[in-house]
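Have a look at these structures, which come just after this line.
Two complexes follow with chain A in common, the first pairing it with chain B and the second with chain C.
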Partner chain A sequence: MIGDWFAARGRRVLEILVRLGRAHILLYYVLLALPSSVRLFREIVRQIHSVGVRSLVIIIVSGLFVGMVLSLQGYNTLVHFGATQSLGVLVALSLVRELGPVVSALLYGGRAGSALAAEIGLMKATEQLSGMEMMAVDPIERVVAPRFVAGVLAMPLLAAIFSAVGVLGGYFVAVGLLGLDEGAFWSQMQGKVDFHEDIGNGILKSVVFGFVSTWIALFQGYDAVPTAEGVSLATTRTVVHTALAVLALDFVLTALMFNKV
Partner chain B sequence: MRQQRNLEIAVGGFMALGLAALFILAMRVSNLTVLGTEKGYEVTARFQNIGGLKERSPVSVAGVRVGRVTGVDFDGKTYEAIVRMRLAARYDTLPKDTSASILTSGLLGEQYVGLDPGGDTTPLKNGDEIRLTQSALVLERFIGQFLYNKAQETDKK
Partner chain C sequence: MTVPAHHQNDSSNTPLVVLHGLRFVRGDRVIFDDVNLTIPRGRVTAIMGPSGTGKTTLLRLIGGQLVPDAGRIEVDGLDVHKLGRRELFELRKRMGMLFQAGALLTDLDVFENVAFPLREHTQLPESMIRDLVLLKLEAVGLRGARDLMPAQLSGGMARRVALARAIALDPMMVMYDEPFTGQDPISLGVLARLVRSLNDSLGLTSLVVSHDVQKTCVIADYVYLIAEGRVVGEGTPEQMHTSPSAWVQQFMHANVEGPVPFHYPALDLATDLMGDEM
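== the complex of A and B ==
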């Protein structure tokens, strides 16, 4: 009986490894199909609309509020040290280096990732994917690859919009609400935020996050059990796995990019 | 067809918004300046101790930033630090006997190279070396010296 329990644990681990392997095989086929899917420009544009444009509202609103809260809380701490002129630096660096890429990736995974997984899972459940294969249309080239390209392209733009709107929100709270000096806010920020080190690395992070979260969403949908329950499971798995992967990768990338300073 | 066109406009707007955000971040939030693309001339200076000076540290004259530190080397024979700086091309009137000191902006701020112009009529050119230098103040040595002097005073009493 206890042996059964151990066997079940082992089976779970093997299942995880099998899924990991299938995910990489899918990635391989998607990367192979990339050159030929470029001619599906219209489809890619449609997908960018689906994952990018439709995420704009949540990204902008969240960015605004995150920036505003950062400014408020930062002020509460900095005022004890008489260092409120560094509030602009605090808000900008926090957003550009970490919060911009990470939070927008989490929101993207929740909104666009779950939509992608559900869409592809439903296509699989209604046998559209196998139908395409029977008509000699490669579903990976026609369905999966354009969505992958759209995700990787949209993610850095969303992160940049998040950071920019956040800085703006921080400015409104710092200068408008808290009465700090406008010149000090911007000039200190412009002195301490380095384009290559901070913004460049932040954009690099968001490209990696876009790659990984889109890949997770597409795999979960493609590999879903073709039932209603299976599609639902794929959707929730996407959100959870994306969150975990983004946060873990963020630590690794930060350690690689920012510790030499 | 019309829906496709609206969609394309929306996507184009999204890309434009994203690039505009990136542009705002680059121009207004970061320290991206014109000095990166401007031509300049390189000079070197030797110091006993450069303290916390590092690459991309600013170089100033009279408080105005005129260049950046491009590299720091160590001379194994004279045990000195060699600092390479790039100065903006338009500031080409600095005399040959300009002195360089490593100062700290504020009390705990970042360190920078401050240049004090001398009285020579020939200007500094590309590849020249600044002869008169003053090393960075290492706070620990200062404190150590201060304590040592204090101890000597009480000893005399």
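== the complex of A and C ==
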């Protein structure tokens, strides 16, 4: 009995290792195909529209509310210390360092990542990828690589928009609702937010998240079992794995970037 | 229509596709074991067999998408599985394949689907691509459907568009994966006539994988019957109809009893009902 239990766990670990290996092989081929997929400029633009522009509504609305909530919560705490003039800094730093890249990556995984996985999974299930191979067209170069480029380019832009809209949301609440001084809100923010340290690292985070979440989505779609159930599993896995990977990576990146100890 | 240059040595007697001792195993299941067959040039050859015998797998092996466990496959004198990636892709440009459901790219319209291989593999000017695509669509009777999206096509139309796409690069052969499955009688007749007429007018070699005895026998010049991983019968359609082989008889005449059992292997009914195996 115990032997069986260990054997089952061992098989599971081996399966995970095999999938990890396949994911890295796919990434290797995608990176190899990047130079030749640059010729597919129009396709890349189309994919940026699909994963980026079509995610704008959810990114903008979420960014606005996250900024507004940050402002409200921050005010409630800062007011005890008479430091409400620092609310602008709190909102901006929270957004550009953490919430902008992280929340937009989670939203990106749920909106664009799941769509990518489902699209590629369905292309596999309906033999479109096999069809391309038989037409001597490499599906990794023609389908996967342009989507990868689009995802990596779109993610930092989405994160930047999320942060910008969030700051605006925070401003509306702080100045419009709570009656804070507008000058203090902006000048404190301008003085305390460093371009390289804060905004630069935030952008770097979102590039890493864009790379990883697009890779996860493309791998799940490309590796999906070509059935309805397989595609459904691929989309679920995309969202779950993206969330876990983004949150874990965020910790590692934060420790590397902002650890002053 | 003129015969393309690379078809003009079709008179040579060498077969286009040769399978030598092909063995392919998936998991614990032996799909093919020592399969030998030859596909002559310029003819319509059918590979028939019950569902689940690996007919589609055979096409994927010939196209180099799967690798056999033993044996070799030659296409136009080239050992498919010894080719490098670039050489394999060069060979595939000369092999068209029609997938069971068409495998059209769902984000492109009919015109762009047929233009796809031309755009990918040639540097032809737009006006010439347009002419070629319209000619190919005309050959399958769907020139008027050029602006439709794949979702707007019936199953039969989708297969005809896929056929136009398969012949876009003037290949030397076309492989058809179950072209007649799930078609209404009119569409079935159209597809069968197309397979034959394109083969003859374009000087193609056609390989049709199907379990539709009636339609396939009308258009095929030669038939191989595959079951249980091996070739169990072969001959012209006439020879197949009169073959004494029990396999061929059961398949050609749709008999319930024969070498292919009605029942999936199981314990005998009495033992099973009494639960003795517990």
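Everything below uses one rule, namely that the second predicted complex is superposed on the first by the 260 of 261 C-alpha atoms of A that agree within 3 Å, B and C clash if a C-alpha of one lies under 4 Å from a C-alpha of the other, contacts with A are read in each partner's own complex, and residues count from 1 in each chain.
To be clear about the criterion, contacts are C-beta pairs under 8 Å (C-beta built on N, C-alpha and C of every residue); 3 or more make two chains touch, one makes a residue touch a chain.
All figures in this text were calculated on a predicted structure; none of them were measured in a lab.
When the two complexes are overlaid on their common chain A, residue A:V240 makes contact with neither chain B nor chain C. In the superposition on chain A, the chain among chain B and chain C reaching more residues of chain A is B.
Of the two partner chains, chain B is the only one that A:A164 touches; chain C does not reach it. After overlaying the two complexes on the shared chain, residue contacts for A:M135 are found with chain C alone; chain B is out of touch.
Of the two partner chains placed around the shared chain by superposition, neither chain B nor chain C is touched by A:V61. Within chain A, no residue touches chain B in one complex and chain C in the other.
Across the complex, chain C is touched by residues 123, 126-128, 130-138, 142 of chain A. Residue ranges of chain A in contact with chain B, taken from their complex: 42, 45-46, 48-49, 52-53, 56, 92, 96, 154, 156-158, 160-161, 163-165, 167, 186, 189-195, 198-199, 203. Interface residues of chain B facing chain A in the complex, by the touch rule stated above, are 4, 7-8, 10-11, 13-15, 17-19, 21-22, 24-26, 28-32, 56.
For chain C in complex with chain A, the residues that touch the partner chain are 60, 63, 65, 89-90, 92-93, 95, 97, 99-101, 103-106, 116-117, 120-121, 162, 165.
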